[in-house]
Amino acid sequence: MKKRVITFGEVMMRLSTPGFARFTQAQSLQVLYAGSEANVAVSLRYFGCDTAHVTRFPSNDLGIAATQTLQRHGVDTRHILYGDERMGVYFLENGAMQRSSRIIYDRFDSAFAHIAPGSVDWDSILKDAAWFHWTGITPAISQGAATVCREALVSARKHGVKISGDINYRRNLWQYGKTARDIMPELISLTDYIVAGTTDLENCLGIGGGSLEESSRAAMKQYPNIQKVSCTYRESISSSHNKIQAVIWDGKVTLTSKEYDMTHIVDRVGGGDAFMAGLIYGWLTGMTDQQTVEFAAAATTLKHSIEGDVNTTSVQEVEALMRGENIGKLLR
Amino acid sequence: MKKRVITFGEVMMRLSTPGFARFTQAQSLQVLYAGSEANVAVSLRYFGCDTAHVTRFPSNDLGIAATQTLQRHGVDTRHILYGDERMGVYFLENGAMQRSSRIIYDRFDSAFAHIAPGSVDWDSILKDAAWFHWTGITPAISQGAATVCREALVSARKHGVKISGDINYRRNLWQYGKTARDIMPELISLTDYIVAGTTDLENCLGIGGGSLEESSRAAMKQYPNIQKVSCTYRESISSSHNKIQAVIWDGKVTLTSKEYDMTHIVDRVGGGDAFMAGLIYGWLTGMTDQQTVEFAAAATTLKHSIEGDVNTTSVQEVEALMRGENIGKLLR
Amino acid sequence: MKKRVITFGEVMMRLSTPGFARFTQAQSLQVLYAGSEANVAVSLRYFGCDTAHVTRFPSNDLGIAATQTLQRHGVDTRHILYGDERMGVYFLENGAMQRSSRIIYDRFDSAFAHIAPGSVDWDSILKDAAWFHWTGITPAISQGAATVCREALVSARKHGVKISGDINYRRNLWQYGKTARDIMPELISLTDYIVAGTTDLENCLGIGGGSLEESSRAAMKQYPNIQKVSCTYRESISSSHNKIQAVIWDGKVTLTSKEYDMTHIVDRVGGGDAFMAGLIYGWLTGMTDQQTVEFAAAATTLKHSIEGDVNTTSVQEVEALMRGENIGKLLR
Amino acid sequence: MKKRVITFGEVMMRLSTPGFARFTQAQSLQVLYAGSEANVAVSLRYFGCDTAHVTRFPSNDLGIAATQTLQRHGVDTRHILYGDERMGVYFLENGAMQRSSRIIYDRFDSAFAHIAPGSVDWDSILKDAAWFHWTGITPAISQGAATVCREALVSARKHGVKISGDINYRRNLWQYGKTARDIMPELISLTDYIVAGTTDLENCLGIGGGSLEESSRAAMKQYPNIQKVSCTYRESISSSHNKIQAVIWDGKVTLTSKEYDMTHIVDRVGGGDAFMAGLIYGWLTGMTDQQTVEFAAAATTLKHSIEGDVNTTSVQEVEALMRGENIGKLLR
Amino acid sequence: MKKRVITFGEVMMRLSTPGFARFTQAQSLQVLYAGSEANVAVSLRYFGCDTAHVTRFPSNDLGIAATQTLQRHGVDTRHILYGDERMGVYFLENGAMQRSSRIIYDRFDSAFAHIAPGSVDWDSILKDAAWFHWTGITPAISQGAATVCREALVSARKHGVKISGDINYRRNLWQYGKTARDIMPELISLTDYIVAGTTDLENCLGIGGGSLEESSRAAMKQYPNIQKVSCTYRESISSSHNKIQAVIWDGKVTLTSKEYDMTHIVDRVGGGDAFMAGLIYGWLTGMTDQQTVEFAAAATTLKHSIEGDVNTTSVQEVEALMRGENIGKLLR
Amino acid sequence: MKKRVITFGEVMMRLSTPGFARFTQAQSLQVLYAGSEANVAVSLRYFGCDTAHVTRFPSNDLGIAATQTLQRHGVDTRHILYGDERMGVYFLENGAMQRSSRIIYDRFDSAFAHIAPGSVDWDSILKDAAWFHWTGITPAISQGAATVCREALVSARKHGVKISGDINYRRNLWQYGKTARDIMPELISLTDYIVAGTTDLENCLGIGGGSLEESSRAAMKQYPNIQKVSCTYRESISSSHNKIQAVIWDGKVTLTSKEYDMTHIVDRVGGGDAFMAGLIYGWLTGMTDQQTVEFAAAATTLKHSIEGDVNTTSVQEVEALMRGENIGKLLR
């Protein structure tokens, strides 16, 4: 095995309506604890990697429950901080057919938003790591989160740790007085592998107006640290039926995966994180970019068949799908 | 806005098997209270209208629970009557694939069936109303229900209230000694807007043998009060997959909506009531017939994605679907 | 009618994850008791046949619960034996989309595996029967089970009882020192109607290399007792979507059923048993082979819409599907 | 043993709120099928007796589900009649602490109420039976039910079958034009063993004003067929906590059981039926009256710890409680 | 009757663990919307009063769901304000035996906390009211809430509306820079009927050191507007077993209720609100203080048997308990 | 803190009926993974200790799920072995009132039973540990388990690790050809702290006939390594109500804890393990024996209020109960 992957970001309580109930119908809510970066750590753990997640939780039973969720999946939780504030929450209503899924966020003023610069000992955490992963959600939450993220990137580069960033621009965040354009360029300039669509690049770097290939080429020119740009194309026929395909731009060519037809989606939340984990796994284990994009596309497809935010499939399951094996079988 | 809409009809306890369980498998049943006309009132309430429903319940906790269901949705329940008899019940088994859904009715001798002529003060209820809605289920239940329905129509016309009727012929009802042909013509002769298919027109008015356009033209000739005839065409590929399209015949031309492909139906009961509410909303708010038929078709489509009998979508959600926006998206 | 059908084989506790939960997610498991041969008996009971199942259970409350499950469906349980060992168990994880369903068996050393030669009084059980059914699972479990199965076949032939066998080769069983090739030929030589695919015939009889028609012809030549060979062809587009079609080879021609598109599968376990019951019902009641293959194909299709291992549809429901009636309707 | 016991009476669908939910809170209802006399048959089946229940169900899936419930417990259902009308229903709200449990009946005009005189072939049913059991609920439902009950009693006496009757006067029934005083005396005059309290004797026979012993003595004098009068005394401290004690008056002395303290009642419905089954079991198997009253008191106590209407404890469990063994133990 | 009662205060989302699960065990949470003052409005509605609740909700689906909860119970919601912020939340873990129940509050920065002075038109709301009720929770939340509360009290006095206040001192609130001693005296000086224990009086008014009678006497002297002081005494034997008794101090004597033994508590949250509603009902309808204290004590006792925060018992049920009727009975 | 505690023993899948359902009623079963020794490790983890559990699981998803359960609680799972055989299972039916709880074991031939001598590297596991805990269940399972247990004890003594053993004699185990008297004396001779009752000492050491004090004194004389003997006395009033008290014999005097009245037991399984963890915590952290016996008694009491096999209370919660604080309170 398998070098160690460190992820950093907020983990929230996810409260989702059961079945296809709407918010106004639900008499109970399913509880999970999840976050984009932690979802990547969990998926990589099921792929056999050693992973640790860094975050900050309230020091109450909700913080303990969130910690235990990560522990159950085998993610190292020893570097998690605890403090006074609240657990971020998001409410999820599952769509069906032409009815959209909806999320109500209630994450302001969370324990994570109050993370203090200097409070994480990144050097000791990263010195044995092979990979560090962050997303554009984190610097959008608070100045503290943005600063701690930058601290991590600086430390990672110092220790020769590869860095991936899922740009993931969220318009509704960024409410602490800074914009993505203020903060993201520096963070991206410290990152090796990015997942981004054209609107992400436009909103965060001001690079826009063209195709993904054109924007990626421009981004790489401006930020020569960037090794690869990747993203997925999703065709949303309905809440229950999507098609998905992935690409990697390696600076020269666009490598394209097989397209998957996802006809009976169980849970689409976390699909992007499963994709990200697939990319990291491919790059970390020395797959070619073509293998990597196929692995990541198959991984995100399988995620859509799984309840909750995290992809719990193994490398064997992802590879079987890549080979078209076992699909729809009853494995005894 | 919004003018006040009054609906009249029986509300039953709906007891449905969980998931796809058959009647012989179920160890529990989901409980709702619903009825065709009340479903219209509820949907119109979510569209922003002021609505009141008139019915008669047993004066026990089941009657209270049914009343509270309407109240929760914001429907005015002050005109509901209470009496000695039982709550009508229907049992629902959800089909899947090629297996049909099934309903067992147990509604005879209900508190509603015992409603007495003269017991509803229609003039005071209708004097401030803009619209009155009834269905062909009501006069099929009992002589009392038929008479009270006629009283409502007479009062509504007196007060200049627009009237819609969903003809909805049910062969298994009409057991109190009268037939649809005895009772329905007079009620239809008092109605402005009807929803009916060719078999409805044949069974209730004896007008048949042709296309819907031909039958509608003949009905309008015989009953010049009728302004519009509307209905939906449903293609039932399976219990899980239907297509739906709607038409309005305005006396001159047939206006046809977009066809919707409903590939993962959650609950089809109440689809017709959502359509009816869409029509009333369009006509009440001055949409053109083309806008109205599109609005109603989109409304019934969304209903099929919602658990239970009632459409809880807003005007904004229906209009987004009409524009093809947000379909299958995760709205954050 | 109705002639009596006797089935023989293990009934296990089925523990399945709720909804689409994976094994590692489930905090509860759904409990059923089912087995291939008993599933056939239950389905035939819903078709109106008189059926009895012979098996051996542990003499504890799990054995009682399993017995009560069969009794509930109306299967005669008076010939069941009870003893000291454990209940066989299987764990089921339902797949979705491209993710496969999975079964973990825990059936070794069960009360059924310990059934003793001579312990079943087959002559008294079979003397009034019209049909006996077994599967290739039974002789794969233990020497005792294989021997008791042979005793049943010998007795059935003595009493002029028709015999069907679902060959159903399972590589993971056959762990008691004998192979399918050691045991199955004799059992097949005592059987009139078999369900088998080409791999079954190859693994059990060593007849292979060709089409089903070629293999069936060869099998019939070698085992002239065989009257018919039948099987289904399943196209697995995903765990949620299969197509199915059935054939009967009558020694001269291959009769083929309509193909059914199963787009929203509820539970595919027991599909083969529903098919088998359909075949037996057709042959037992004097249908032509073409009618029989259509009846069995429609029966297995409906099974896929039903939760659990058993097909609880009636002859009327199966025949309606054969005629293309009521599909996707709401039957009131 | 085992002699055969025949019971006769209505079986209803029981719809109970989950946990301690009130009627106005419940979004689902638990479904069982139960009735006083059938509950006796089920309990006796768990005591090892051969039992058959006679009733009349609607010929729909609810009637099938009710039949399957009895079959599951091993009760012979071959003598059940099916017809056109509805399934009787009762709704149950579980009380707690000082809040009472409540039942809403909806049983009028049921399939059972429409049972026709002469429709049951009592002679063939009773000729091999050892015991027949009826309750005072049956003749209160309809003239038809009362007449068929009398037919059963006449046939039972002709065949030398012992007869028990649980008088169980229900003021809310008796709505078909006859009173208990019109009908019950003749039925009691055909009965050997009765369960009755002083108010039952007063309402049905007009014998009142004194203690149970005095009333029983008077009843036996007037109806010399009566061998024993038995009943329970229940002290209701709260819905969660009752005490219970039983007596048998044998014509000369009152035999009294141990008193049981029921501190955490799970479900008290069917407590009386479990008691009745205990009495029948004692008398049928030749216990002394003292043994019988102790057995029946222990049986009804255990019933209060079991969800649903029926006592599923075995003779071994009842006898262990009589001896004070295993109470509160964890039996491994 | 019935005079109209107005209540004012925050309504939160209550998320409680199912059964006896701890926070770290729960995979789902039960959802209710409740708040101390709204609970009083709901209970009074079940007692037959006309009630309206004034609060402020976020203008999202959670705010709608909370509104619908009040509507379902029949509380007038027309005066509710909607705005931008979040829904206050509290998490509840049910204790059992010696293990305490626990609440984690997450209510800061809620839509209610942001209520603006002058935003409620108290004069039009209160001009037809008979009673206004507030609690000490409201002024502890924010300066805005405290100010709007004072506005209500001033308006109520102007319109001759009787005022009750449940002092309910909560140490963990009061975080906006003011203390209870800064704010509460003025509010209490505008109130007629208060519920308070000795610690409440000490923390809010600085009156302490003696018995409740002594403190009440002192409070009345200082605040001559106070007509009555009432509270309950709770003996907490365990989470499952409490005893409760109530008193009213009328300025001269202490009137004491019967003590109730609550041996199997279902849900103790909202017990104080049920008591408050009982007091208001008694005083509003002209009961004597002794009748009132008995009514309120019986009301709070029944609440402890009901799931959720609100007492849904009727006057008839409370009065039956006061008379000792029906306790532990099965009411048919 | 805290020194490291190592536990060793089988972890089984626990399948329990929901609520108070009997085995024959359950349509679903709750799933947990638990075992006596692992329960001790989990409880100590909640007390703040560093713990690792050693066992052997099947290398399938059930083994992974069991591992994840321990990980969730923070127990170190790195030393767990995986192999070919099955997961041991136990089925639990919760009793109520006078009805006993019952367990059906299905644990033979499990992966743990097949653990091979020498397969655990005890020296590396124990060299940094402070405490090792085993129970008498382990050597009863198989010769391999007994041998590996002895290997652990020998290694623990070599490394100066304190050893506790819960003797826990189980008559139904010991089926591999050895008796407790053959195996246990040597294991006990290597142990410092034992939990045992008089029957345990008699069955395992042949020391009997007297009081616990007499037997303990004799045991200590014969096995001078034993430092303390401890046990609980449980009075089983019913399945819902027990009393419990604990003692420690320190070789000279018997120290007795407070008696706790457990009136509304939620789940009594694992009560002994919670007690054991309490003892270890006391001894490990230097409490006096009196403090230790009080801590352990309070810990086991709290366990009875918690669903599942493990005590998740903190040291603070246990100490609050010891001081009689917070009992039955609603902690906000």
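As written, the chains take the letters A, B, C, D, E and F, and residue 1 is the first residue of each chain.
The criterion applied here is as follows: a contact is a pair of C-beta atoms (placed from the backbone, for glycine too) under 8 Å apart; a residue touches a chain by one contact, two chains touch by 3 or more.
Computed from a prediction, not measured in an experiment: that's the story for all the values here.
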_Shared interface partners, meaning chains that touch subunit A and subunit B_ = C, E
*Taking all residue numbers used at the subunit A/subunit F interface, answer same if over half belong to both copies and different if under half do.*
same
*Comparison of C-F and B-E (more C-beta pairs in contact)*: C-F
*What is the distance in Å between the mean C-alpha positions of subunit C and subunit D?*
41
*CA centroid of subunit B to CA centroid of subunit D, Å*: 44
_Distance from subunit E to subunit C - Cα centre to Cα centre, in angstrom_ = 62
*Of all the residues in subunit C, which ones touch at least 2 other chains?*
22, 24, 27, 68, 102, 264
*Can the chain contact pattern be summarised as a line, a ring, a star, a complete graph, or none of these (other)?*
other
*Which of the chains touch, listed as pairs?*
A-B, A-C, A-E, A-F, B-C, B-D, B-E, C-D, C-F, D-E, D-F, E-F
_Residue numbers of subunit D touching subunit E in their complex, please._
19-22, 24-25, 95-103, 105, 170, 172, 236-242, 264, 268-269
*State the interface residues of subunit E toward subunit B in the complex, per the touch definition above.*
68-69, 71-74
*asked:* Going by the contact rule set out above, which residues of subunit E touch subunit D in the complex?
replied: 260, 262-266, 301-302, 304-308, 312-313, 317, 321, 326-332
*In their complex, what parts of subunit B are in touch with subunit D?*
15, 18, 22-24, 26-31, 60-62, 64-65, 68, 86-87, 89, 91, 93, 102, 104, 106, 108-109
